[in-house]
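Structure in structure tokens, see below.
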């Protein structure tokens, strides 16, 4: 009797058709970050029980654009790049759970199906979007990753522009922000097919990078940043009241799973 | 303490940003179907326990292209059509569970994120693809839905063509095939975030249309049908050994949930 | 010595790789039209010498969305629909030349390369855009082409929404507007490669349909119409001051060339 | 009387809506090149009179993938990157005209409308395609621009894969090939709107870079290279008979016009 394999649907005997290969997943990418503050009430609204606001700087938000190349262990996706390259734009806030501070992605758009599928496993609330970022380059008019380098970025979904930014790098700094620096606390849920008000799975998980390397972080002046309204989005509710700073950094990351934080159907660490 | 709402992530107080509105979901669309037979072993490989082969004609397959306009109850997606139109191409086989015959979608590609998300709720193993279908039209060179009308269709993913067909309608017939005519038996599973070899949810559900209306079904000659190889697909394992028939039909469908058939973690009808 | 053939680049011995097949080109499609008036000065600005404003109703504008299936004589593009289907949104005004009234497309967006190439031959100033239109359908929630049918449409380019409309059909009328009803007067120009302020070709041509068939035209209430600003567009300069009417019609059209109206480098009918 | 401006249609008083800004155009990009030989007859077929085969190595071909960021003088397109980034894949051969050797692009695919429009001015026979290239990155699994770095690339059009390559960098070399190293000799033509067998413009132009800077060129082993058939392409007629070499290089380029080589309607240097 043949056994089905595959990390994610569709499954088959060989597992070859699965939308996702098995972790670990490896990433090379550039991060353009805008950190700012909103009324903490805006963040509180996006935190389901039992998560609460972070104790320090509870209104801090990071809006991040990322340009990724990703692959599984055999690197096949790197060499057939339509299967491994993607871009994303996402909003990270912080929250507390049982006295610990976590980061949490509240909105995220990507431009590939495999990135959506990874997000389902990892608890990211992904939608498809159109994301563009200026890329650094050593020759010609494109910017270098160095003071004076100017980078733009945009996000659209459903043919509406949702966010855009322009930043100018100023100087090296120890890190590219603090809002996205904690382990992530993310919800995963599946509704009952008969009574969708009932959850078949409802849990909070935590995930972090399994390994991380990076170039120097650069602070950046925020020349332009706008969050634009759309009928099916609520990004504009998170419009900045006060800017913290802009950042740019090139990183290499490996992701390889996480831990269950809370089973909303049955208690912590069920 | 604000409560989060939204049928699907991302959730918020208003639920406005959710990728999916609540069911029921309503659809208008055209279906181009190619039915054929393969060695039943090819189908057996795609059926996880406790599903088995259908008793009659166990090697029958339906390859279906569909061009949909879809919406929730308020029809908002119809009038902002980037949010409601999508196309799909999918492969349906039949299976048996506890003596009853079910249809089962084993591969499916769509061209929107909301269609992927619906598929996650409904147990369809969706990927993104590029799908094109000739559309009927009453004037000019495009075909009518009538004998002699000729329709083409194609499917690609990751910049590779995976399937293509051309059919010519011949005569009205009672139905547009039998392979996709049963309730669907689909798996839904979520892997543990710490040990992904463990399932947190693993179930078989059944779903059907809540309502259905349709125009006449037309039989069609199959002028061309090809399933093409790709490094991350296994469609070509389902290449036809014998054709059953081609079909075209315009339909209106409502979907509104289903039933749990089997909890693989805990027994039937848990 | 082999001869190169092909209606449009790239050319080759067989001509098979040419982006365009030879005319005549045949079209089946649906047209959603919004007619309105602006200050005639706004239109005057878009008419190069020797074109002038139309004598009657010189401020009339038609904004048209069209959903096309197109093909050459052998219909190959209909049956491999990725090569023949496209959508467009365009703005038509009227003008006069030597005492005759012409229609003139001043802005147009399409979603395929072959449509851009046809536009170069025909003098349409095409850009790529993302265009969506509600499609009529006989079953389910989508509208019928009949009184009460409600249709939406949108246009975006460079990830910014540029235009959107919603109309509700009311009653049959003799035609779907008058602004796009004349032969087209379009400019074609090619700049010198050494001194681009010099034109190598600069002419005004006229083209019409070679044949035309259509279903009933329907008048429509304009429930919503918006032209939105963008840094590289000037659509918002053509915002309506007064609406004339909305229309919907299904048509079949053949295009097969036109006439030279004026050679700007050397006189009329050179 | 208002004057229309704009380098390319659509034109307006401000010129703001034009699809192209005025040259010079500036580019930063990466080039992955595969050079090889075919039967010179295959190249002869693609050279219109009065161009002839190059005297030395007349069967040499370069297949090049390029990942570009481009802008006009004000760099606006760099900071709204959806308006300036694009990728292309193209085939270059060599030819002779009046005793001088030129390069000539015989097939090219790009993924933006502004790149198509530039190509019309420059005489490149552009179509839309889907192009992907591995990008170098200093961290994580993506390759460095250094010996051992492995890069993949693909091209598709009309949902069919047309070309793919994988190369591994081996050592620094003086240049990234010779086939694309001459001034380009390109045809530009516009057909008469009434009698399309008559040309209104038909000329051969030559263009080169106005300035050029570059990093080290790297030779590369060709791990994989395939040209695939498609019903509307003739790339497979240029399948390699013998490989010359693979190359990778990062460059900065400015383009600012060229010269008329030959007016096919009226003689050389008309």
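A few remarks follow.
Per-chain residue numbering starts at 1, and chain names A, B, C and D are given in the order in which the chains are listed.
As a working rule, contacts are C-beta pairs under 8 Å (C-beta built on N, C-alpha and C of every residue); 3 or more make two chains touch, one makes a residue touch a chain.
Bear in mind the structure is a predicted one, so any value in this text is a computation, not a measurement.
The chain pair with more C-beta contacts between its two chains, of A-C and A-B, is A-B. As for how the two copies chain A and chain D face one another, over half of their interface residue numbers coincide. Of all chains, the one whose mean C-alpha position sits at the greatest distance from that of chain D is B. Chain A and chain D have Cα centroids separated by 36 Å. If you average the Cα atoms of chain A and of chain C, the two centres end up 41 Å apart.
Taking the mean of the C-alpha atoms as each chain's centre, chain A and chain B sit 30 Å apart.
Shared interface positions of chain B, i.e. residues touching 2 or more other chains, are given as 80, 82, 130, 132, 154, 159.
Shown here, the protein chains touch in all possible pairs. Of all residues in chain B, only 130, 132, 154, 156, 159-161 touch chain D in the complex they form.
Partner chain B is touched in their complex by these residues of chain A: 1-2, 4, 7, 9-14, 16-17, 19, 22-23, 44-46, 48-49, 76, 80, 82-83, 106-108, 112-113, 116, 120-123, 125-128, 158-159, 187-196, 200-201, 203, 205, 207, 231-234, 257-260. On the chain B side of its complex with chain C, the touching residues are 26-30, 69-71, 75, 78-82, 85, 130, 132-135, 137-143, 150-154, 164, 166, 213-215, 250-254.
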